[in-house]
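Both of the next two complexes hold chain A, though its partner changes from chain B to chain C.
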Partner chain A sequence: MLKATIDAEIFRESIDAIAALVTECRLHTEEDMLVTRAVDTANVAMVSLELKSTAFDAYSATAGELGLDIAKMKNILGMMGRGDALTLNLLDEERKLELAFKGYKYSITLLDASTIRKDPSPPTIELPGKAVISGSALNNAIKAAAVISDKIALGIDPDAMTFYMEAEGDTDHIKLALGEDELVALNPVGARSLFSLDYLKDMGKVMAKADEVEVNLGVDHPVKFAFDIADGNGRVEYLLAPRIEAD
Partner chain B sequence: MGVALRDIIADCKETLDLDALKGVAAIDAHNALYQFLSIIRQPDGTPLMNAEGQVTSHLTGILFRTANFVEKGIKPVYIFDGTPPTFKQETLDQRREVRTRAGNAWKEALAVGDIAEAYKQASASARVDAYVIETAQELLGLLGIPWVQAPSEGEAQAAHMAGKGSVQFAVSQDYDSLLFGSPVLVRNLTVSGRRRVRGRTITVSPERIVLANLLDYLGVSREELIEIALLTGTDYHPGVRGVGAKTALKLVRNGEFESTVAEKLPDFDPASIREFFLAPPVTDDYNLSWSAPDTDGVVAMLSGRFDFSPERVEGALEKLSVKAKQQTLDQWF
Partner chain C sequence: MRCAECKGRGMCGLPRCPITSRFHAQLRAKPSDHYMGGAPAVFIGSYGYPKVSGGPLMTGDLNDPPAWVAQGMTIDDIVGLRARTIRGTSDTGRLTGSLQEIALSSSPLDVEVRFTKPVGFDLRFDGTVAPVGLSGAIRKMDVLDNARVDRAVDRITADSDLGAVEACTLLHDSAIDVYRISELLTTGLLGRKRHIVPTRWAITAVDDMVSTRLKKEIVRMPPLEEYRVFCAEIYGNRIVCILAPGDWRYEMIEIWGRQSLWGGETEAIVADGEGLKKRGYSPIAGAYYSARLAVAEYLESIRRSARVVLIRSVSSDYWAPLGTWVIREATRNAMKNSPVVCATLDEAIAAASRLAGFSHWLGHSRLIPQMKTQKTLFDFSG
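This part shows the complex of A and B:
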């Protein structure tokens, strides 16, 4: 069971965060929050999202699971504006989710959850390096690197006390190093891994709206990005597998 | 093959772009493999082969079609035929005979240098055998694409899964899927945009038939649609000689099915075939889960054993969104 009302903008933010990686997911309804964890089809990136009941104007739910067509949801939510109240109503028997806003009433057929990839178990990875940076600065760096390359190295230099991003194109090179003054926080443990910009560009658009993004890094390990959504009433985590550095 | 309902279905076909189709597609594996084997050939009819002479046309078809589907947002699941019903034996014997005859005609055409005729006969001689099925299933496994073993007819299993909502539509060239009750049938999906039909190359687009709309349009029930098929002929019985879909529709609408059968086919008891279409053997024991392709495994199989060019294989794998040198999260879970 799920019956809830929320500012459409907040819900759109949540769906956009998921849509950056997957076109469908299993959304779990719990008594005090909505939760999902999904990996993309190639098993390269994962998104985890929690949206607490406090993010809603009204929320009442029992434990359950629904198969959501994220691509469709994203299109529908694109029609709504900030401040519009969106009412979600799960019609269990009909396997439909009703979305009502401003006189519109969408009835969305849910996907059979058993055809959607099972939620991955939470990974246990040690990522000792940590930097906290504004989402817009992170997104700008990703966009700058994408101009010359399709991959970017993210790293922490403990001697220089910097968090850096470095990209190598066929003929060009770009590096951005941020010191403690320009970061919200830094845990100076040496780290460096290479990542695909294809994935980072989509994640970057979502992260750009976050005041602070916590970046966790290791050596040739995945990167984890964590940030708040819904004024601190929700949290998103992205995990991205690295590329192999040299030929 | 299948059932000749084309004449009365024409108005209910909706032609669409591959881009417009999303969701899980249950693909009639034998139908698709047969198409790959008959179409993917050299101009003189020789199928694609590796150095050892093993046919690889079907593997080419699976790799590139699957990559295309996934890129367009279609999640395929292949349904393989199980044991055919006993009353299909006659059709199967006939098909075997046609293949053997075509195989001989192919050799004759090659001997006299008639390339067009050679291609035509070679296509007709295509055979889905145990080797084709085993290697197809092996490749699907490596690509992370699920497949289901049907207890009997694959189309019946696909229709069952579509009816349950496990898949959004059934994919086959044959209309039988509709008789088995598939709510949606999509044709022309496993073939590429351009296809040779009777020697000419034409462009084909996917077409969708929605069972409810078809029944509504014809003004018959599914049981009556099955009766129409029984009169025109199915894989299980040749039907009444000289009765096509239009005549059969008229007869069934007028309630003359029983009397026509009694008069024209006194020895035929349609009950068992009707029952087979309405309640065929199917299974709920399937697990539809898609996983990331085993890139190394696919390259080892196709380039290592079947002489595919590694560049072409990697190109297809990239469509399945696996980039070279990109690691997956598997090793960290």
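This part shows the complex of A and C:
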């Protein structure tokens, strides 16, 4: 069971965060929050999202699971404006989700959750390096690197006390180093891993809206990006596997 | 821009493409100012768009590339057959009704045509459309038969509230081949705002629309379990295709060997690829979309998603550009052959190099290094 009312903008933000990686997911309803976790087809990137009941104007739910066509949701939410109140109503027997806003009433047929990949269990990894940076600065760096290359190195230099990003194209090179002044926080443990910009570009667009993004790094290890949505009433985590340079 | 990317579109600014005009072969045709016989297809030129001219293709033979391949016709046979074909030209407004009737019919219609003067020999090649030898300006044209229309074609062309993209995918679902669909599109029988569309644009548009939709279905399917390498060759076009487990990615590497049609003195290599979305028109042009269609059809039939690296290597045996149907049929043939099954990417690369006869295609691939270096999250959950 799910019956809830939420600012359409907040809901759209949540859907966009998932849509950056997958086109469908299992959304779990719990008594005090909505949760989902999904990996992309190639098992390279994972998104975890939780949206607490406090993000909603009204929320009542029991534990359950629904299969959501994220691509379709994204199109529907495109019609809504900031400040519109969106009411979600799960019709369990019919396996439909009703979305009501401004007099419109959408009834969306849900996917059979058993046809969607099972929720992945997050790998247990230690990522000692940590930097906290504004989302827009991170997204800009990703966009700058994408101009010349298809991969980017993210790292922390403990000696220079910087968080840096570096990309190498066929002929060109770009480096951006951010010192403590430009960062919100830095845990100076040496780290460096290489990532595919294909994935980062889509994540970057979502992260650009966050004031602070926590970046966790290791040496040739996945990167974890964590940031708040819905004014702190929700949290998104992205995990992205690295590329290991051939020698 | 290199010849291998332009393929006779006239990007060099010369009045005639120096490569296609090599084929001004001689043909003894009795100059006649009328024609009565079969008109299996329609051709609309792109010159002067949107004020284009076009008309029926007139020949007693079939206009059916898959059949040409199945009958084992050689490249010389096909050029000979097409050299005898007459391309009627007229401004399209006057003839639209008759052209639509020809396009709708599932079997060739007979026409009676009077030309303004005896037809002239004018063998034209372009990279996308099969060549045509004779052309004549139409004074008067009558369609003699009634069109025989498939039920699906009838239903979909009659629906003017159906967008062209949906129409193409519905037709493809009804087992209407892309050759027929592009005929319908070129004569302005599909979509909400209907227009005559130049034939070479229609061919690629249909390949793109159908395969983009197939791609969206493939993305949702479970990944392939092993590496498969396919190979086939027609008319000096060797297609080698690696399918790798994973989400949909497509990369095509086109290699024009030395002394081949668009290659010239040195080898010319063009590569392009895509993920879920494709931005802009491919530098490989129509061939990219034709090959993608054939691969997507295969993946849809086995209900698996995969990463695709497709190599097209062209030798000097391919002496005349016959149209992108060559790549479509070559790739379809490749996917029909039984594949070499490999356990690892390195084995698959070695098999592909062996089948292609060379290995330097690897340096032009962006997808292969990506697959080799990209770790998955599973690698860290041990």
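Rule of thumb we're sticking to: the second predicted complex is superposed on the first by the 245 of 247 C-alpha atoms of A that agree within 3 Å, B and C clash if a C-alpha of one lies under 4 Å from a C-alpha of the other, contacts with A are read in each partner's own complex, and residues count from 1 in each chain.
As a convention for this text, a residue touches a chain if its C-beta (ideal position, glycine included) is under 8 Å from a C-beta of that chain, and two chains touch if they have at least 3 such contacts.
Only a predicted model underlies this, so the values are computations on that prediction, with no experimental measurement involved.
**Q** So, on chain A, is it clash or fit between chain B and chain C?
**A** Taken together on chain A, chain C would clash with chain B, as the superposition shows.
**Q** Considering only the touch criterion stated at the top, classify A:156 as touching first (chain B), second (chain C), both, or neither.
**A** A:156 contacts neither chain B nor chain C.
**Q** Give one of first, second, both or neither to describe whether A:242 is in contact with chain B, with chain C, with both, or with none.
**A** After superposition on chain A, A:242 lies in contact with both partners, chain B and chain C.
**Q** Have a look at where A:222 lands relative to chain B and chain C in the superposition and call it first, second, both or neither.
**A** Both: A:222 reaches chain B and chain C.
**Q** In the overlay, answer first, second, both or neither for which of chain B and chain C A:196 touches.
**A** A:196: touches chain B and chain C.
**Q** Taking the superposition on A as described, I'd like to know which of chain B and chain C A:112 touches: first, second, both or neither.
**A** The answer is first: A:112 touches chain B but not chain C.
**Q** For A:20, select first, second, both or neither according to whether it touches chain B, chain C, the two together, or no partner.
**A** The answer is neither, since A:20 touches no partner chain.
**Q** Once the structures are superposed on A, label A:41 by its partner contacts, choosing first (chain B), second (chain C), both or neither.
**A** both
**Q** With the two structures laid over each other on chain A, which partner does A:121 touch: chain B (first), chain C (second), both, or neither?
**A** After superposing on A, A:121 lies in contact with both chain B and chain C.
**Q** Considering only the contact definition stated at the top, list the common interface residues of chain A for chain B and chain C.
**A** Looking at chain A, the two contact sets intersect at 23, 39-46, 120-121, 123-125, 196, 198, 221-222, 239, 241-244.
**Q** Name, in rising order, each residue of chain A that touches chain B in their complex.
**A** 23, 39-46, 71, 95, 112, 114-115, 117-118, 120-121, 123-125, 196, 198, 221-222, 239, 241-244
**Q** Looking at the complex, which residues from chain A come into contact with chain C?
**A** For this pair, the touching residues of chain A are 23-24, 39-46, 120-125, 150, 194, 196, 198, 221-222, 239, 241-246.
**Q** Write out the stretch or stretches of chain C touching chain A in their complex.
**A** Where chain C meets chain A, its residues are 219-220, 223, 246-248, 275, 305, 366, 369-370, 372-381.
**Q** In the complex formed with chain A, which residues of chain B make contact?
**A** 22, 24, 70, 73, 75, 164-167, 288-292, 320-323, 325-330, 332-333
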